[in-house]
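Take a look at the structures listed below.
First subunit A sits with subunit B, and in the next complex the same chain sits with subunit C.
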Partner chain A sequence: MILILQPLLYATTFFWQKSIFIAILVQTGYMIYRGLTLGRLPLIGLHDTLLFLSLCTAVLSIPFMGRFSKQKGFFLYIAFLSAVFSSIGILMKPSTMPLPPVLNTFWFEFHVVLSFLSYGLFGIGAILGIIFFLYKASSDKKITEALQYRTILTGYLLFSLSMIFGGIWAYFAWGTYWLWTPKELWTTLLWLTYTLYLHLRFRQWWRGKRIVLTGIAGYVIVLFTYLGVGLLMKSSHSF
Partner chain B sequence: MKLILNIFRSVRTTNILIFILMGILFAGAIVMPLFPSYREINNTNLFRWLSGVPLSESWWLYLCILIIGLLIINTIVCSIESIIKKDRTKRWPLVISPQLIHLGFAFIMLAHFLSSYMAAHGFMVLQEGQGIKFRNGDTLYLERIDYSIQKGYITDMAVLLKYVTSDGTAIKLKSSPNHPAIIRGTGIYLKDMDIMSAKRVLIQISRDPGAIWALVGGILFIMGTTLLVTLKIKQDAL
Partner chain C sequence: MAEKEKSFVDRLWDFFASVKLAIVLFSLIALTSIIGTVIEQNASPEKNIIVLKRLVGENLAPTVYRILDILGFMDMYHSWWFVTLLVLFAMNLIICSLERLPRIWNLIKEPVKPLNPERIPAFPIRKEIVIRHSPETVREALVQSVKQLGFKPMNSPLEDGGYQLYAQKGNWSRLGVYITHLSIIMIMIGAVIGIFFGFNGFLNLPEGYTSDVAYSRKDSKPHPLGFSIRCDDFDVEFYGMSDMPKDYRSWLTVFKDGKEVMKKMIEVNSPLKFEGYTFYQSSYGMLSTGRGFFIFKVKGPGGKTETITKIMGESFIIPGTNIKGTIKKFSPALAISQDGKTYTYAQMMNNPAVYIEFTENGKPKYSGWILKRYPQTWRLPDGSIVQFIDYWGVQYTGLQVRKDPGVWIVYLGCVVMAIGLYMAFFMSHKRIWLIASKAKEGTLIRILATANKNRAGFERKVETLVSNLNREV
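Here is the complex of A and B:
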């Protein structure tokens, strides 16, 4: 019941904006419950990680809500993303297996938590990109573009930190900080996409709609790196 | 000479190189699962692996090394120019933060070069009481295997080892997942355990001289990025 409630509450945001806070509370409660039941952070497998991504996207959007209180589109897109992630998440089988010894380290926990926090911020960056195109006034567009830049820059910091923690974990677990697998290549590709975004912004020609579109395109790579690579390619990661 | 310098001090060059590198990695991610030779790529260092694989399978890695090399030159030239140009500015943290990031990136790439050239990995399956002799005359013995099981899954495991040097000195070691035994700069990793047939473990011996430089690079990169995020958020207060 509590599972179905999560996407439903996010979907209710389409009619009543404040239900996003109830959705956040319910989802947080569920994650805590799962964590206590399993005796570990519930971040293994698609069920847990999709719900966590849904939660990260919603929670990290809270600081933006004041600025976009009159722009209903922002709430709707955030709620849409969180509803989609939690809908797919509840369809996936929850992992109940005990933690494999190799995952029993705080390097792994930091690595995963920071990854999903950065994915959440990259998602908000993409939504800000869509909002950019909804605005008519150039002043609103300029502010939205600057907000997208700050959001993506913060996401980039967290993502870089996540990669470094992943490297430290890999060194302790497998004797090397880097493995040549498609997942690692896609993760580097994702990191390069946002590195490119940050460098492109130095050039005046790229400012405005071009850079905003790059921010949106980056999120497509985020989704493929997270879901596509794990499902389609053999990798050291299960998600 | 001036033309080459102009090319390398341009952010446009950075953007083009990053874009090309993205394309190469994309190609690499498609190529990797196609050839069985890639199953061995993580079992040795990159340059040794490359020497035994035909160019038709490894071309994208050579391109990758070339573009990263150009990107490092571009990074260094841009950083030097940026420091010279912005020398008189009072906001030194804003000047220094991108350079810290670039320096971190350069260290991480240096680490990859060292690892690709000098890293060594070896694997062995051992049972209790068995040992393996190294080329330097030292011997590693597996004394005991410990594990615990929950719901049919191994939830914890460890091995007790004895490392005997060529002069007869014995050193007791313990290795478990995420807690390798480190001796003389070499890590002894417990990779896997089989308790179904014979009680045996898969041990990995690894030496990766690039790891410490990657860590240094990572710390510099994060310091620079954190400083930049803080400054940008303050500067662009909306």
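Here is the complex of A and C:
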């Protein structure tokens, strides 16, 4: 019941904006409940991580709400993303297995939490990119572009930290910080993509439309790195 | 005047200093890496041919495989061309940075100078206010307001009796980009040191055994460690009564020159380190020729307790009685089928059990299975307790043995990168001038400022400064 409530509440945001807060509360409650019953962070398996991603996206969008109180599109897209993530999440079987020994370290917790926070910010960055195209006035466009840059920059820093923590963890667990698995390579590609984004923005020619599109494209790679690699390729991240 | 012919070195330098090269290399590394994630690396040919069949069709797959194999795609991250791409990328990064560094260095070292009030250049941030006081009366307030923004202003008098306050801060933040680039080079150097001076091997060490070598992953050749290591015990801990492993643990002892120098229990995520080598818990298994020792803790009905070590077929006496137990059978993983028969369900020590026959004065008394993980099976009908502690000497611990002298450079590179990114993106080089000149009604204050990053944020701060001045003075 509480499972179905999560995407439903996000979907309700299409009609009544404030329901996003109820959705956040319900989802937080569910994740805390799961964490308490399992005795560990509920961040293993697609069920957990999709719900957590949905939550991160919604929670991290709160600071933007003031600015976009007149631009409803922003909420609709955020709610849409969170609704999609949580709908797929509740369809996945929750992992009830106890913690495998290799995950039993706080480096893992830092690594995962930071990754999903940055994924959330990259998602908001992509949505800001869409909002950029919805706006007509060039002043609005300019503000949105700058906002996307700062959102992605923050995400980039968290993501860099997450990669460093992942490296430290891998070093403790497998004796090396780098294993050449698809997941790591795609993570690095993702990092390089946003590195490129940050560099391109220094060039006048790229400012505006082009950089905003790069920000949206980055999110496509985020989704592939997170979902595609796990489902299609061999990985050090399948436990 | 004819343009001077550029020397070869100059042209090479220009080639590596170009941003275009950076983008080309970036894209090439990215695209080839993607291919490397689609083709499973170091896998058997059949596996990748199946993948290729799905991508290019039944007929083309073997040919495509052969071409890709010749090009090194089956182990592409170690192929000459991928390494070349990485080296080119490193050179590009270094030379791009060196090319731009002198100019930036000048900007950092250049002290901020007072402006010529007659000819003020166009500044991105410009404000003007007029205050009904003489320049001297507002001097302290102005100095304070600039200090509030974190600047240490300098003073220069104007000809008309006014003065100019000017300051800069964050000029070092311009180095952030170079620190970040340096960190990437550091990480690459650390990785190269790891590849050339490191060791990646394994050691399967049975309980009770000592080894002074580990075996290379590449060719399984023995690699002398310079010390020896003994496995005292190995154990798997399970979650509750399930077969879900909770932890793998090995008790290791290190000997150097015949002397015991270190004792440590290692588990997943918590390795043993000695003289640059790190021993990780990585796997375990049963010895096929295992002949181990059964360890029991036996408590007689009188309460007397003894620890007993026996091999298969041997007997022991329960303290304080005439009851003799003989070890008859062993199962590493005992289970009971629906019709009550016992069988072994795994070859690993998931549920070790030992079958003991007890006799009193030669007459059979009772017999049955005693299970290590089930205390209720330890209790005998007469009240004595036979606790099955371990079947020791039949398991080996699989250790991953690594030496990576470059890892600290890599981590240092990570720290440097975090600092560099922070400097590059969250700090900016800010300069500010306040020119207070005599005007008819008091003082005309012109504020001029620049910031190389986040100009809007700095402009807001300057605006606050202006409104504060308006209010206070």
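Definition applied: the second predicted complex is superposed on the first by the 238 of 239 C-alpha atoms of A that agree within 3 Å, B and C clash if a C-alpha of one lies under 4 Å from a C-alpha of the other, contacts with A are read in each partner's own complex, and residues count from 1 in each chain.
One rule holds in what follows: a contact is a pair of C-beta atoms (placed from the backbone, for glycine too) under 8 Å apart; a residue touches a chain by one contact, two chains touch by 3 or more.
The structure displayed is predicted, hence computed values, not measured ones.
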Joint occupancy of subunit A by subunit B and subunit C, clash or fit: clash
May I ask you to decide whether A:112 touches subunit B, subunit C, both, or neither, giving the answer as first, second, both or neither? neither
For A:58, using the defined touch cut-off, is the partner it touches subunit B, subunit C, both, or neither? Pick first, second, both or neither. neither
Could you look at A:186 and tell me whether it touches subunit B, subunit C, both or neither (first, second, both, neither)? both
Once the structures are superposed on A, label A:98 by its partner contacts, choosing first (subunit B), second (subunit C), both or neither. both
Just checking: does A:26 make contact with subunit B only, subunit C only, both, or neither of them? Give me first, second, both or neither. neither
Once chain A of both complexes is superposed, is A:147 in touch with subunit B (first), subunit C (second), both, or neither? first
Of the two partner chains, subunit B (first) and subunit C (second), which one does A:44 touch, if any: first, second, both, or neither? neither
Please state which segment of subunit C collides with subunit B in the superposed model; the candidates are 55-63, 127-135, 145-153 or 235-243. 235-243
Using the superposition described at the top, list the residues of subunit A that contact subunit B and also contact subunit C. 97-102, 104-105, 107, 146, 153, 156-157, 160-161, 164, 167-169, 171-178, 180, 182, 185-186, 188-189, 192-193, 196, 229, 233-234
Which residues, counting only subunit A, touch subunit C once they are in their complex? 97-102, 104-105, 107, 146, 153, 156-157, 160-161, 164, 167-169, 171-178, 180, 182, 185-186, 188-189, 192-193, 196, 198, 229, 233-234
List the residues on subunit C that touch subunit A in their complex, please. 23, 26, 29-30, 33-34, 36-38, 40-41, 77, 191, 200, 239, 242, 244-248, 267-271, 278, 280, 282, 400-402, 404, 407, 410-411, 414, 417-418, 421-422, 425, 456
Complex interface listing, subunit A residues touching subunit B: 67, 97-102, 104-105, 107, 143, 146-147, 149-150, 153-154, 156-157, 160-161, 164, 167-169, 171-182, 185-186, 188-189, 192-193, 195-196, 199-200, 202-203, 229, 233-234
Can you list the subunit B residues touching subunit A in their complex? 11-12, 14-15, 18-19, 21-22, 25-26, 28-29, 32-33, 38, 41-42, 46, 111-112, 115, 119, 121, 150-151, 153-157, 176-180, 187, 189, 191, 204, 206, 208, 210-211, 214-215, 218, 221-222, 225-226, 228-229, 232-233, 236, 238
